[in-house]
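Below: a set of structures, written as structure tokens.
Next come two complexes built around subunit A: one with subunit B, the other with subunit C.
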Partner chain A sequence: MLEFIKIILTPEFLFSVIRVMTPILFAALACMVFIKGGIDPIGIEGIMLLASMAGPVGGYYTNSVIGGILAAILISLLASLLFGYVTLKLKSIEILAGIALNTLASGLTIFIIYYVAGNKGSTQSLTSKVAPIIELKIIKNIPYIGKILSGHNILTYLGIILVFVLYYILYRTPLGLRIRSVGENSAAAESVGINVLKYKYITLIMAGTIAGLGGAYMSMGYVSFFSRGMIAGRGFIGMAAEAMGRGNPYGIFLSSALFGIADSLATQLQMLDFPSQLIQTIPYIITILGISIYSYRHKKVRKVI
Partner chain B sequence: MNKIRKYLVVVLVLLVLLTGCGKENGNNNSNDGSKLSVVFVVTGQLGDRSFNDSAHEGIKAMAEKLGVETKVIEIGRDQTVWRPTFEDLAEEGEYDIIITNGSNAGELIEEIALEYPEQKFILFDTEMESEIVNLYAISYLQNEASYIAGVLAALVTKSDMEYANEDNKIGFVGGSEHPIITDFLVGYVEGAKSVDPNITVYVSYIGSWDDTAKGKETAMAQYNQGVDIIFPAAEQAGLGCVEAAVEMKKYIIGVDSDQAMLFKGVNEDSANVILTSVLKEVGNSLVRAVDLEQKGNLPWGTFETLGIKEDGVGIARNEYFDKNVPAEIKEEVINAYEQVANGEVKVTSALTDDSKIVEEIIRSVAP
Partner chain C sequence: MKKIKDFIKDIETLRTLVALSVSFLIVFILIIIISDSPTKALFDFIIGPFTSIRRFGNVIEGSLPLIFTGLSVILLQRTGHYNLAMEGAFFIGAVVATAAALIFKGPPLIILLVSMLSAMLIGAIITGIPAVLKVKTDANVLVTSLMLNHICLYVGMFIIITYFQDPKMNSNYSYMFPDGVNIPTIFGVTRINYGMIIALITVFIVWFLLNKTSFGYKLTIVGKNQNFAKYSGINVNRLIIESALIGGAIAGLGGAVDLFGMYNRFQYSGLTNYGWDGILIAIVARHKPHFVPFAALFLSYLRTGANILSRTSDIPSEMISIIQAIVIVLISAQAILSKYRQKLVVEKTLSGEVI
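This part shows the complex of A and B:
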């Protein structure tokens, strides 16, 4: 037990929580925007996978980090808009279109990396472009805290900044109000003269960009290459984090952090001779607990009203 | 909701139909009776730089050296398409032998082999308990090669090599708990203990064979505990461990394929942290099996266990091993190699020995 507490209090552990949290945060924020605009986020996994493939490939062809990140954003925008076109214009069912998108992504990414890198497993044969690590000037020198907060990937900081930016956009601007009203009741929004389709597409563009950044982080920050299936459910966990965060950017930040803690904890505890099967269930138990607590409180609130 | 259900049914029916059509439509000239023809069904994808790729090398060598007609089909990890694919292949009977990975598809193949007695199957990396006359299986004594890896790891962590620290801690990372992975582990632990009985071995499981990021996270957690060399047996997810080693300036022992050589010329940093690789010579063993079949000597209906002595397993002695491992460590490693090969050292196996003994060995070095 002492050993366990010692590990948890190390700055390395808390640093790793932030690292693990980042892709989940991006996924959850993208899901949040999707849901706010009234679009089902089930395709998030596939969109992020496509982006994580496009990052290293784009970086290789343009020979720059920016080029890679732009390629990741571009392809996830395309995937997101394709999803929008199929569901909004062609009126197909969102769940099916989302599942189709995820399936397409898992096959297409392998096809493309085989074409580009000559290997169906990963893009390690391409010279890797990695988004830079940022040392925070003053915070870096604070003992203990500096070691936790400084030295993360630039995309991690971007994700945290996005929490505030998105809160501002969604709750403090006319654009955000329209997106939310379209999502909550599109008929009502239409009746007051809001162009529903336009705001749905804006939602798709915003969410696609965020998902693209999350995908880029996986292959250009977390690790330095794309490998097949590397999102490994983080998009879906993002959906759960969104639900747990009650659709609020700050809540989502906290729930993503909770997932980060659960996941890092699982990694650490394993080394201390706990049964690994049990430990690997921790993140899922936390999901169930979180959602239960959320719905319990929700129920109480409704009763009061 | 009803509408969704209707659509779902349509999609499912389409999926089944399309998968059914997805079989290889035959070029009929492949089986003119004179040439042996084999098909390697990859349950997963090539490009794992590990197990499947090693088998693929063997298939290529067969075509070249033995003049066998070969074909490779990748069917992915979706197990729902496995049965129809194998059944189609067996029913068409276009290939004399179907080769596939038995640790994934073993039970399925046993069923299909009974259904189609005319079709011959070779499974690698599995032990077959029932005696099916059209089935031959190869299993590998990965514990023997892992023993050598353990010897190397224990010597490295004690040494004054550049990235080695003072702690006598080494690490093992598995994809998930699986008898074969435990077999790797128990050999590794025994090898390490033969050098230093008081060594500590950290053991973690990624919980995935694909998640490279989690692999990296898991390895970094161990390195942060003072581990300086990790042996990951986690297929593709192990690539994340290699990256952790490069970043944190630590060592890795590769697995299944000669991983350092795969990085040669592509990523020298990665190649240099991989001191050696524990090899399952899947390719060699398949060539050996098909060669025996051509001569009519392959013992169908049995399984064979290949160890260091039969060159079924080994460790990679490549240029990076030569360059990065100090001479005195190399000498001791080669000594251990010979001891195992000539039977002086008997390595415990998680597959055949009592599981209590195995667990005791693994526990004895836990932190």
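This part shows the complex of A and C:
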């Protein structure tokens, strides 16, 4: 047990928590924007998968990091807008359209890398760059904390900055107010002259971009290549983190961190010969409990009203 | 003289056909663009599955798990909730069936029965959890069921690796099942087995349940209008849980049937995706149990064709997912043909033919 606590308190462990939580944070923030705008976020898994494929492929063809990230954002924007077209214009059921998007992404990514990289497994044969690592100048030299906070991928810092930026946009600007009013009650929003369709598409663009960054991080930071199915449920976990963070950017940051801790713990405990599979279930169990407790309270409040 | 209801039914059929044709067209164009010898590729894809008994057998045996998950999805979504735990229920059903088959001693037939019943039980528990949480705490079914799928995967792998892994095998394979603990094949050359009989019986039971009992009737009312159901005295919460339990039991049974019919030891390396496929099956079958076997055969036929194609050409079989996605979206697209439907209904009403 002592050994266990020692491991948790090492800066290396806390560093890995931040590294592991980054894709979940992006996913959860994208889900948050989707839900605020009244759009079901289940397609996030597929959008991120497409982006994680486009990153190394774009990076390979343009021979630059920016090219890769732009390709990732571009493809996730396309996917997000396609989802919008299908649900808003063709009036498909959102959840089914999202599931269709995930299905499409799982096949299409393999299809594309097969022609680009020559095998169905990964893009390891392509030389693509990863997003740069940033050393924070002053913080770096603080003992202990410097080792935890400095030296992360630039996309990790971007994700953390996004928490504050999104809070500002959603709660402190007219744009955010309109997005939220469309999401909360589109009929009421329309009655006061808000162009609902326009704000739905703005929501899709914002959330698509964030999801694209999350996907790009997976293949251009977390590791340096794309491999099939590499999002592995992180989009869904993002949905859960959003629900557990109660749709608030700061809450979402904390619940993403919880997933990061649980995931890093699983890796550490594996080394100590604990049954890793059981440890890996912890974040999911916590999520189910968290959502249930939160919803139960919410339900009681509504009953009183 | 046809009623308006029948016209709407016809439109639904038409929409399904349009969706299937459009998706096929897109894939044909894709094949023609990519392939060096498009005619041969198209032949392999469309006619390929019928060119040998073995290949045709693949189509039929591949449809087996899809029938179970398709039926499961029909029940799970009947009340209008998106409970996606059938994926986990199918997987954990196979795990528990493995455990039961390796623990219990006795006549093979009894072991098979016990294994299948335990798979059904665990499947029901798994899909029941999100439903109970929905009813008791109002937790989002979609999120809790997705989380449960991950839990099923890890716990299932833990059980297999810790207690039943065959040390002689490199992968996470379990020990072989005892002699006779399998579902025998019907035709020697193929792997078509008596699981098909179990599947068809299940189809009949679900059809009967939904169309000929008050339970099924109430379920349909809840799915169409929950408030109306509530005010007419139907216990909505109880129905949500009951339909989830039955749906999960079917998914769990599907896992066991797939396991004993196709393999002689547990050898899944992860979630099978059959649960997600079930969503497509349910949509193509328009949520009618008696259409499920045909929808399952259809998807299995596409998969077999694509597999043949990927062996004879350089087109990866994953292109099937493109068809799947287009079919799901277009069939569920309410706007397609809606003007046509409106026009038909108006015309028929004005002409006074129907009321």
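By our rule, the second predicted complex is superposed on the first by the 292 of 305 C-alpha atoms of A that agree within 3 Å, B and C clash if a C-alpha of one lies under 4 Å from a C-alpha of the other, contacts with A are read in each partner's own complex, and residues count from 1 in each chain.
As a working rule, a contact is a pair of C-beta atoms (placed from the backbone, for glycine too) under 8 Å apart; a residue touches a chain by one contact, two chains touch by 3 or more.
These numbers come from a predicted model, not from an experiment.
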Notebook entry, point to check: subunit B versus subunit C on the shared subunit A, clash or fit?
Noted result: clash
Margin query: Applying the document's definition of touch, where does A:Ile42 land relative to subunit B and subunit C: first, second, both, or neither?
Written below: second
Notebook entry, point to check: Is A:Ile93 touching the first partner subunit B, the second partner subunit C, both, or neither of them?
Noted result: both
Notebook entry, point to check: For A:Gln280, is the partner it touches subunit B (first), subunit C (second), both, or none of the two (neither)?
Noted result: both
Note to self: By the touch definition at the top of the document, which applies to A:Phe111: first (subunit B), second (subunit C), both, or neither?
What the structure shows: second
Check: Touch check for A:Gly121: first (subunit B), second (subunit C), both, or neither?
Finding: first
Notebook entry, point to check: Taking the superposition as given, does A:Ile288 touch the first partner, subunit B, the second, subunit C, both, or neither?
Noted result: second
Next item on the list: Kindly classify A:Ala240 by the partners it touches after superposition: subunit B alone (first), subunit C alone (second), both, or neither?
Entry: second
Margin query: Is A:Tyr60 touching anything from subunit B or subunit C once the two structures are fitted on A? First, second, both or neither.
Written below: neither
Next item on the list: State whether A:Met271 touches subunit B only (first), subunit C only (second), both chains, or neither.
Entry: first
Next item on the list: Across the two complexes, find the residues of subunit A that touch subunit B and also touch subunit C.
Entry: 93, 95-96, 110, 114, 120, 277, 280
Item checked: Parts of subunit C lying in touch with subunit A, wherever the complex brings them together -> 34, 82, 129, 133, 136-140, 142-144, 146-148, 150-151, 154-155, 157-158, 161-162, 276, 279-280, 283, 316, 318-322, 324-326, 328-330, 332-336, 338
Checklist line | In the complex with subunit B, residue positions of subunit A that touch it | finding: 3, 7, 10, 12, 16, 19-20, 23, 93, 95-96, 110, 114, 119-122, 124-125, 218, 222-225, 227-230, 232, 263-264, 267-268, 270-273, 276-277, 280
Notebook entry, point to check: In their shared complex, at which residues does subunit A touch subunit C?
Noted result: 42, 86, 89-93, 95-97, 99-104, 106-108, 110-111, 114-115, 120, 233, 236, 239-240, 243, 275, 277-278, 280-281, 284-285, 287-288, 291-293, 295-296, 298-299
Note to self: List the residues on subunit B that touch subunit A in their complex, please.
What the structure shows: 3-4, 7-8, 11, 45-49, 74, 177, 202-205, 207-208, 210-214, 216-218, 220-222, 224-225, 236, 239-240, 243, 263, 266-267, 270, 363, 366-367
